[in-house]
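What follows is a pair of complexes built around subunit A, which joins subunit B in one and subunit C in the other.
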Partner chain A sequence: MNTTFRQSMQGLHTWAGVLLGSLLFVIFWMGSLSVFDREIDRWMMPATRLAAPPAALALDRTVLPAAEQLVGRDATQWSVNLPTERAPMLLLRWREGDVRHVHHVDPASGAVLAEAGTLGGTGFIFPFHFRLHLKWMDLGYWLVGLAAMSMLVLLVSGVVMHRKIFREFFTFRPAKRLPRASLDLHNLAGVLALPFHFLITLSGLLIFIGIYFPASHWGAYGQDSKAKDAYTAEANGRFTRPKLGEPGSLASLDRMVAQAESHWAGERANYLRVWHPRDAASYVEVRRSYANEVTMNVDQVYFDAASGVELRRFEAAPVKNVQRFFTGLHFIQFDHWSLRWLYFLAGLSGCVMIATGFLFWLESRRARHARHGLAGVRVVQALTVGSVTGTIAATFAFFIANRLLGASATLGSWDRAGTEMAVFYAVWVGCFVHAALVARREPSLGWRQQCMAVAVLALVAVAANGLTTGGHLLNTLSSGRPSDAAVAGVDLLLLVSAALAAWTARRLARSPSPAPSRITPARRAGLGELA
Partner chain B sequence: MSTGQAGQKWARHRLEIPARVLLAIGGGYALSAALVLAVAAALPPMTGLARGEAVVLAAMLGFLLYLGLLLWAFAPVRLRRVALWLGGVPALAWGWILWVVPSAFS
Partner chain C sequence: MTAAWLCLASLLAVAGFGALALAMPRHWNEVTDAACDVVPARRLLHASGAALITVSVCVCWWRDGPAFGSVLALLVATAAAAAVAQLLAWRPHWLRPLLAGALR
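And then the complex of A and B:
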């Protein structure tokens, strides 16, 4: 075997990149947006653009009446997420059978807000990131897991393949021909944020140890379902007791929260769940906020619903806390604006790394494939353009649909939220079709046209927000409310996206790939050296 | 077929790369999962670590092990060795886990 380790890693990097790159781009794009998912929610759910929540919450006055009035008789549990600065409303949720109910309640007045009619950032963009909205047999989870492991392989093989990795910190020659410029940017984006790319990918996997290693407890606990319950109770907490089937009452939630917080040395609660509502055996679960720490703690206190007596307290053991620390490192639910922006920019650098990797592969293989009549470049070109600029265009179309569709808009059996998703998928598929149709013509045409479409869609989205909600930049930048700042942030990022997309379209127009006849053998060898 | 000069000398026949891919992804996962299970079972009696803690620790390390196996499967190692460690060994391990071990708990 006369191949070196570096050469085999180079081949692995190329193949893994070409095959998994599209999926990875979508995951990184949706993940980067998810850093600001609550800000996107404020933009997409105008009714929730409330003032900052009051410091003292009166849950008995605001939550109990809404829950009593709205939660159905068949619900086995209902839950409340307490308001934060980024999500300033009470989030009341329950499930009856397969149907999930969500209501927003004003924490100051207790008024139930108008139905959002959208999944928003937290309901569409964020779940897209970790399960692709593919629920059948958890296929989405497994594809994302495969992509994440491939990303780790790509990062390690990418480092191994470079002879002079430190020089790449300082090398970006945008004026050069496209293959050289895109390789430079690919290396720069990869190397500058390498610790982030590795840790964000690894921590993403660590969140789901229960899904990706479902048999991990078999050796220590056994293989039956009681073993699984024992493991869950020991590692994750969770108190359960069966229903009695007799009617029961619910004591003061405020007093339960106060008692739970007394155990937590000043830290607040962020979540409550009422199990077996309206039953005599009902109990209330209170969980602690992670606004002030990286670790997404699983601290829980359980109370008997009728009497308010404390039933159980749970705190995770040290190793579980390490896993939850990595979870928190990935989720960034803690309050820290500068880090949040760094995460967002680092995530976008990952998107740039993936997209420029594709650009480089396409441009450096184009001549050879054309000469040999291979379809590879055309197929990858269509798939790449569709998954890179197509995903971005579909996302902005999703935003526009949210603003332009009426609250009661339906499409067949879909309500407004479903129709918004349909618009996303329709535009996405349309971009793939467009990319396939123009693939035979000038190579950068698909990129350029979709970049211009992205720019136009971003501007339309900003205009739609201003026209339909009155929350345009002149108002939101001067209002001083955190939720308005969120809306302004989304509008500003849309404007920046439009500018970047337009610049990219012009840059791609200026540097077409060299025509096949002008590649001499010497130049071909030179380009091959780059790969 | 592989691109670049590296690929042509490394993969001796057309099925070598698909074979390595299957062994790496499928076999590597199977071997990692089996070792996670085994380490989680062995740590509590050996070190006194609580069972729930041992399971979480083993699962976390499992991802790093899987990464190593994925890289190794595509390194300049003979296909025969890859097939043994990522094919034969996990098959035996899971056969043992699924058919032999449950009797120890019943």
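And then the complex of A and C:
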């Protein structure tokens, strides 16, 4: 078989795109939402819509009594995320046996806030982005890793197969027929956001270098269990000492935080952890905030819990800092609103690129597959509709469930947070089934109906938030609190989604999708024949 | 104040990519009826486009320093190029002012 390099790249691009496009769309969608994970948290956890945190934290007065009262005797550690503008509460966490406990504490009063009853943006959407909530044998991580490698392959093969990368740099012809218009949009999103897509995919892979390329530290440290600890200690800094089994005390946390911050040239702490609480060998770990740098530092200071004496200070070595720079580039934990919005838009451009890639694949094959009685288009159409509009609909249903489920709602063995997730998966599966059922009928029916569903769900979510929390746009836009601004932002984006989805549905209904027979072979050749 | 610098960087990038687009005959013809074989005009568009984008990058660096500034410049350029593509698709005549200078 005679194939040129460009043709072989086309085959690769087509197959990788069709096979992994759905997974990539979900990862890009969840990743784009994760950019605003804390804003989604404020929306989903109304009790944490607090005023901006006080400038001087009084941890000994606020979080310490809460921890002493709540944290059980069996806990080997407890930790606190310090409040920020985006997450204005103290986040107290510990584990007893296999049970993870999370409580929010008001940093001004020390009051323990009502249980969130949800995983929210940081607990559901963000982990979905990188491990798909598939914990069995780390399957989720590996699937995401596979998708990320494929994404790099797709980007490179896409550039190779694009004949007119500069001549069509700005070309988008929405008035043309669907295959051409969607290919234009696919190329536009792919070419213009190529640097972002490439960097975000590569940095995503680098974050999990320890999982995907363990050989990189096996080489230097060996493969036994101690080697991994040695690597972690040297790269990430980890101080440990064994429990003594005798009762111990805890000195002032505020003073430890102040002393740690004195090492960091004005940078604040963002996290502290008490190891072996109530033991004589107890010690406290204080970590530095990521607010003002791209690099996600691993700076940390350890203190003896009883005396407050500094035990160890750690800062990463240069090579680790390179990895943490890419990590920071991906995680955007820094405070930079312009970049946050640009990341969000660039992430969504990835979603557009994937969805339009599917559209082009479908529309340029529909006639041929219908003629030859092939099922390919029907199957891929169901997969595409379910993974594009279905994922969006499921996300909005998840938001609605969060607002409408009672505080003590359960479903079978699931608690409230689990029930919300069940709603997400139920709606998602429902969307795939619906898409498969209507795929035999007119081509745009699945898209149209699911777009309408997305629009309705988005509006219901906004209404549910206003009705159940009183945090409707009239209030949140005028209050001036950062946490209310976050809620208003989520509401506004939901309204924009509703408008876009309704507009798309109307347009699809008005202009019946081009009759497949009208795409002549000559035209298809002009589109850059694939496969 | 930092918002003003961001607006400036974005406008410079949109103007820059707009000029680069108009230097291409296809997009030139979408915006004006004037003949597009005026080579000096296209060369001027090309050069000023590149210069405007360079200045936009410098504004980002000046505003945010090398690390944040580079990321910001990259994403501002991406957004600006996408905006130019959408303008050409839906409102091409909005880019006509960019031609005025080149055709004089």
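In this text, the second predicted complex is superposed on the first by the 507 of 531 C-alpha atoms of A that agree within 3 Å, B and C clash if a C-alpha of one lies under 4 Å from a C-alpha of the other, contacts with A are read in each partner's own complex, and residues count from 1 in each chain.
One rule holds for everything that comes next: a residue touches a chain if its C-beta (ideal position, glycine included) is under 8 Å from a C-beta of that chain, and two chains touch if they have at least 3 such contacts.
Because the structure is predicted, anything quoted here is derived from the model rather than measured.
The wider contact with subunit A, measured as residues touched, comes from B rather than the other of subunit B and subunit C. When the two structures are aligned on the shared chain, A:Met9 is found in touch with subunit B, with no touch to subunit C.
Within the superposed three-chain model, A:Ile209 lies in touch with subunit B and out of touch with subunit C [touch as defined at top]. In the superposition on chain A, contact is made by A:His217 with subunit B only, not with subunit C.
Once chain A of one complex is fitted onto chain A of the other, the partner contacts of A:Thr389 are absent, as it touches neither subunit B nor subunit C.
By the touch criterion stated above, A:Ser32 is placed in contact with neither subunit B nor subunit C.
Once the two complexes are overlaid on the shared chain, A:Phe172 sits against subunit C while remaining clear of subunit B.
In the superposed pair of complexes, A:His336 makes contact with subunit C only, with no contact to subunit B. By the touch rule above, subunit B contacts subunit A in their complex via residues 2-7, 9-10, 25, 33, 36-42, 44, 49-60, 62-64, 66-67, 70-71, 74-78, 97, 101-102, 105.
Of all residues in subunit A, only 167, 169-174, 188-189, 192-193, 195-196, 293-295, 325, 329, 334, 336, 338-339, 342-343, 345-346, 349 touch subunit C in the complex they form.
By the touch criterion given at the top, residues 6, 17, 21, 24, 26-27, 64, 67-68, 71-72, 74-76, 78-79, 81-82, 84-86, 88-90 of subunit C touch subunit A in their complex. Note for the complex: subunit A touches subunit B at residues 1-5, 7-12, 14-15, 146, 149, 152-153, 156-157, 202, 205-206, 209, 212-213, 215-223, 231, 234-235, 317-320, 322-323, 326, 365, 528, 531.
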